[in-house]
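Presented below are the structures under discussion, each in the form of structure tokens.
After this come two complexes, each holding subunit A, first together with subunit B and then together with subunit C.
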Partner chain A sequence: MSDMTPVPDDVLLSVNGLKKYFPINHGWLQRQVGEVKAVDDVTFDIKKGETFGLVGESGSGKSTVARLILRAYTLTDGSIRFRRADDSITELGGLDEKQLRPIRSEMQMIFQDPYSSLDPRMRLLDLIGEPLVIQGKLTKDEIRDRVQELLGLVGLRPEYVMRYPHAFSGGQRQRIGIARALALNPSFIAADEAVSALDVSVAAQNINLLQDLQEKFGLTYMFITHDLGMVEHISDRIGVMYVGRMVELGDTAEIFRKPLHPYTEALLSAVPQPDPRRRKEGKRIILKGEIADPANPPSGCAFNPRCPYATDLCRTTIPALREISGRQVRCHHAEELDLTGVGE
Partner chain B sequence: MTNTTTNLPPERLLELKDVNVQFELREGTVRAVNGVSYHVNRGEVLGIVGESGSGKSVTVRSIMRLLPKNTSRDDGSILFQPKPGEEIRIDGLSSKSKKIRDLRGDAIGMIFQEPMTALSPVHTIGTQIMRTILLHRNCSKKEARERAIELLRKVQLPRPEQLVDNYPHQLSGGMRQRAMIALALSCDPVLLIADEPTTALDVTTEAQILDLLRELQAETGMSIIFITHNFGVVADIADRVAVMYLGQVVETGTVDDIFYNPQHPYTRALLQSVPRLGQSPVHRLKTIPGMVPDPFNVPRGCTFNPRCEFAVQGTCNVEVPPLVRFSDDQQARCHLAGKLPQEVA
Partner chain C sequence: MTLEATAAPVEPETASREEDLYTAKPWTLIWWRFRKHKLAVASLIFMIVLGIMAIFADFISPYTPFSFSKLNTFAPPSVVRVIHDGSLHRPFIYAVKRKRDPETARVLYEEDKTKVLPIEFFVKGQDYKFLGLVPTQMHLFGVSDRKQQINLLGTDSLGRDLFTRLLYGARVTLSAGLIGVAFSFVLGLALGSIAGYYGGWWDSGIQRLMEFIRSVPTIPLWMGLAAALPVAWDPLFVYVLITIILSLIGWTHLARVVRGRFLSLRTEDYVLASRLCGASEYRIVTKHMLPAMTSYIIAAMTLAVPEMILGETALSFLGLGLRPPVVSWGVLLQDAQNLRSISLAPWLLSPGIAVVLVVLAFNFLGDGLRDAADPYGH
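The block that comes next holds the complex of A and B.
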């Protein structure tokens, strides 16, 4: 890992050549017969104070990337460098549980399902206060004050501290999850499909809340979602993943206006939009087939069987990630294709 | 309720009038459906949109007579006309009556959100489709199996001859949803009820399923009631739309009326809270203040008044709003309908 460039000053998190292969075991002896390349050679930076969106279909590896960054999984290979509160850079890749503990307070996660991610037998005081108890720096009274302050921050009444999660709606529970993530003043929050389970009007409220909190505390977000409308609204930059690989990476507005990878184009085209006239124009690209099996990916570019522009080259050679007009693209034909984005 | 049985116009397939459903829970009475009226014409797709708890699913369960045991009120009129002149009164039928069991899976098919829980995990796809066919059609097992394979081909599943002997867990989410559509279509229904059929799917698979449903609808001429909370999906598939809030239909209209000329403040607010692709990302999302009230304490007057930016105190929080008619198709349940400031599209 000595050939890596130093982390630029404005970068909070730098991921390089990240890999996670899960073994496939089979038979009575549970011998390893293959591996699932869930994340394969993924590289990206997240700048301080920005929102980075990670998009792709289920099975693309986007959640695995988040779990690797938060070190819920060990890495197969690669490096994750994180800028600490004291501005020093720490490599998270090889750390064990004990070494990770002080760093955990600086990186937090918000989960998709606000029902299963909160223990139904814990009061809000214990749920939101648990990280504070574990870090062991505050007294009981101080923890209570802090929990009440956190509830206020996410727009819940401080009197609710003694209530149980069942008394709250899905949107409110999501706010409880946000308060818990904020408890230790993290600098980085990964949100895995954080608003996907919520109703439209409630999702909008929580997105606005997350944006307010970002402004107030200078938070850096990584948003994992399949909702491209939400991603466009909230992210400064996005990465598009397909079968474990990053296929396009760059500025959100630019990618949405003019995608360079055929998969990005197809994803954007598939989003149903609240505009009935669009249906009559009938210009949607409907991808054939399904996402490739990461245990048995097609040869060449993993997207080639579904790609309307695929050539013989695509079927034999894996395209490299190349830099084209300030963007990273993994496609042999990125320059020649004239792809359609959204908007004017 | 005195319901004079008028004959439905020939183009009408299904008509709901003043349907009410209530449940008894320990916490009190849930007024899930409150005087819902809507209709479906032959060959059209009716989209029903609303947030969770708006009663959209309970209403269609009432059509299928699949209400839970703790239902304490279940009235109103539901008329079904599978063929012009052949009117069937569905309301009041017990869930196990011969009449409704003859309709379910035959003239009315249904698909659900989660194909993994809706399909039986211990029977093959083929067995499940064949059972429906054998129940409603007078044919041999061999013919039923051939029909099952033909149906799987129709929903564009690969290798239908092999898939017919597969179990649901062997298929991906998108393929399972296709298998469920094949099952629902097994007896050529005139009405397909689809309850959030694409919500659990990826956008690319969702686009495939919507495309398939549109194709099948054009081919067979069936009608579809399509329930969703996603306005994008409604815009993509519906001819007419009913917007529901707290057990009531607050606005109905053609898909163009609802999207380009919404008259109810709730419809407008919902449309504005969806981020649209290709919009400049700087602005904040517009939200609806507060949340959907719990169904035990439905607000007085207009049920939307505590969250409505246009609410007039003394009117909206006291009097139940009338249904205001704008055109043949567009109606909104609002005191201020037609008097709202013109919206900038």
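The block that comes next holds the complex of A and C.
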């Protein structure tokens, strides 16, 4: 890891060669019989103040990336460098729970399921106040004031502090989760499918709330989602993941205009297009089969069994991540293919 | 976009009843849900009444458990009546006359319909120490006739009042159940949480141990363990040992519940959320995991009590557990072991009915608690 380039000034988070292999244990003695390569050699940077979208099917490893960055898991390999509030760079990879504690206040997560991510046995005061209690810098009254302020920020009444989560709807609960994530003034927030459990209008409200909060506090977001329509709306840049690997990475507009990876093309073709002028006839690509099993990936490019453009080269050799016209793409034939994006 | 435009509309003021629901503590919600389970509530009331009767057994019972009367053996239950000579009367019993069947020489009791013995409350009777402390003669009820007795459940072969002995036996049997559950709670919680929390090797080892214990036939195991207890030991000490023996087998069920809860809670998002805020393991276990488990543990403990009570009863009935002079329901049932006494005095089976009622009550109570344990099920 010594040969890594320094983190550029405008980058908040730099992920390099990130790997997470989960062991598969079996039998009486829990012998390891294999491993799931949930995240395999993922590299990307997130710039200060931007929204980075991470997209891919279920099982592509995008949630695992978020959990690795927030150090809910230990890394198998790789490095995660994070710019602290005092502008120093900290390597998160090898830190233990005690060393992580002060950093945890600077990076937070918003969860997918607003029902299971709030302890039903705690009042909002204790739920939203928990991070403040743990960091232990405020008195009881100050915590109460801060919780009420946070509730106001996310559009809930400050009087709700004595209520329990069961009093709230899914959208409101998600706001409580947002308030909790904001409690310690983090600079980075990972939102793991943060609105996919909500219905469209409520999801839109919460997305707008998140964008307002970003403006107000200069937050940097990583949005994990399979909803490409939403990603186009909110992300500055996106990364596309397939079976633990980053297959394409670049500016949102660029990727939507002209994808370089066949998998991105297939994903984009599935986005419902409300504007009839942007619709293209008969261009919906339906992928064959299921996403590959990360415990037993196909040889060569993991996408080759489903790829309409696959050649023998794709079946034998794993493509490297290459830089093509300011974008990164993991495909042997990126230059030759003329893929279709979403029209202007 | 501005915050004002995008924030969700603030809801109108809600009625105070709804506010009560929204701010209700978890235990309040559990109680509200438990209340709907009528059978469980009835069982809870029954158990509370029985518990109070057992605690104050010496005051409530009209006699003492060891006072025998050789002229009153195998007396049938006294019938409490309210109608005498066709007119309403305060509750009373008729005096009985002891006779012998001229052919079989069997003792018979015949009611003397002229002699009314009204039931009196707070009467002076035999000496005892109230709660083992205050010497007194006051009993809750009785009849004021030196030669007659009120035997609500009849008497045994030595003329001892069965109702009295049943109440005293309840003390021993119920407390044996509760103490046994307390022991198995300690074992089950410790081993169950180690298995569920650490997983891996510990989990496999403890699981195999539980499977082994569950596969051993209980009666021979009890016999073996009970045979190891010397007969000459103090009955009180034997009583404690018996409960420990019962809990050595009974902890597995509780350990399973605890292990299962730990496993499912460990993967809850809110536990991860708490960890991502920098919460210590200690905080996560005490603030998030244990509170989510207590109601389940209480329900499992309630369901484990009947097992203990049945175990004590079975052991004592077989003569392997408690022995006279200790009075427990199992010991009382020993008197009902031969067919002759059952056919002569079927009321000797009443401790068995008491066991059935208590076991049912604990099961209903446990069911109700288990259903109410998670008031947040979506």
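Odds and ends about this structure:
The rule is short, and it goes like this: the second predicted complex is superposed on the first by the 335 of 344 C-alpha atoms of A that agree within 3 Å, B and C clash if a C-alpha of one lies under 4 Å from a C-alpha of the other, contacts with A are read in each partner's own complex, and residues count from 1 in each chain.
To be clear about the criterion, contacts are C-beta pairs under 8 Å (C-beta built on N, C-alpha and C of every residue); 3 or more make two chains touch, one makes a residue touch a chain.
In this text the structure is predicted, and so the values were computed from the model without any measurement.
Applying the stated contact rule after C-alpha superposition, one finds that A:P120 touches subunit C and leaves subunit B untouched.
When both complexes are overlaid on chain A, the residue A:E130 reaches subunit C alone and has no touch with subunit B. Of the two partner chains placed by superposition, subunit B and subunit C are both touched by A:Q211. Once chain A of one complex is fitted onto chain A of the other, the partner contacts of A:S63 are absent, as it touches neither subunit B nor subunit C. By the touch criterion defined above, A:T220 reaches neither subunit B nor subunit C.
Once the two complexes are overlaid on the shared chain, A:D199 sits against subunit B while remaining clear of subunit C.
Looking at the shared chain after the overlay, A:A270 reaches subunit B, while subunit C stays out of its contact range. In the superposition on chain A, A:N16 makes contact with neither subunit B nor subunit C. In the superposition on chain A, A:Q174 contacts neither subunit B nor subunit C. Put simply, subunit A uses residues 171-172, 202, 205, 208, 211 to touch subunit B in one complex and subunit C in the other. Residues of subunit A that touch subunit B in their complex: 57-58, 169-172, 199-205, 207-208, 211, 226, 228-230, 232-235, 252-253, 256-257, 266-276, 278-279, 284, 286-287, 290-291, 341-344. Of all residues in subunit B, only 51-52, 172-175, 202-208, 210-211, 229-237, 255-256, 259-260, 269-271, 273-279, 281, 284-288, 291-292 touch subunit A in the complex they form. By the touch criterion stated above, subunit A contacts subunit C in their complex at residues 28-30, 70, 72, 97, 100-102, 104-105, 108-109, 111-113, 115-121, 123, 130-131, 134-135, 153-157, 162-164, 166-167, 171-172, 175, 177, 180, 184, 202, 205, 208-209, 211-212, 216. Subunit C meets subunit A in the complex at residues 1-3, 5-8, 10-11, 19, 21-24, 26, 29, 200-201, 204, 268-270, 272-280, 283, 288, 291-292, 376, 378.
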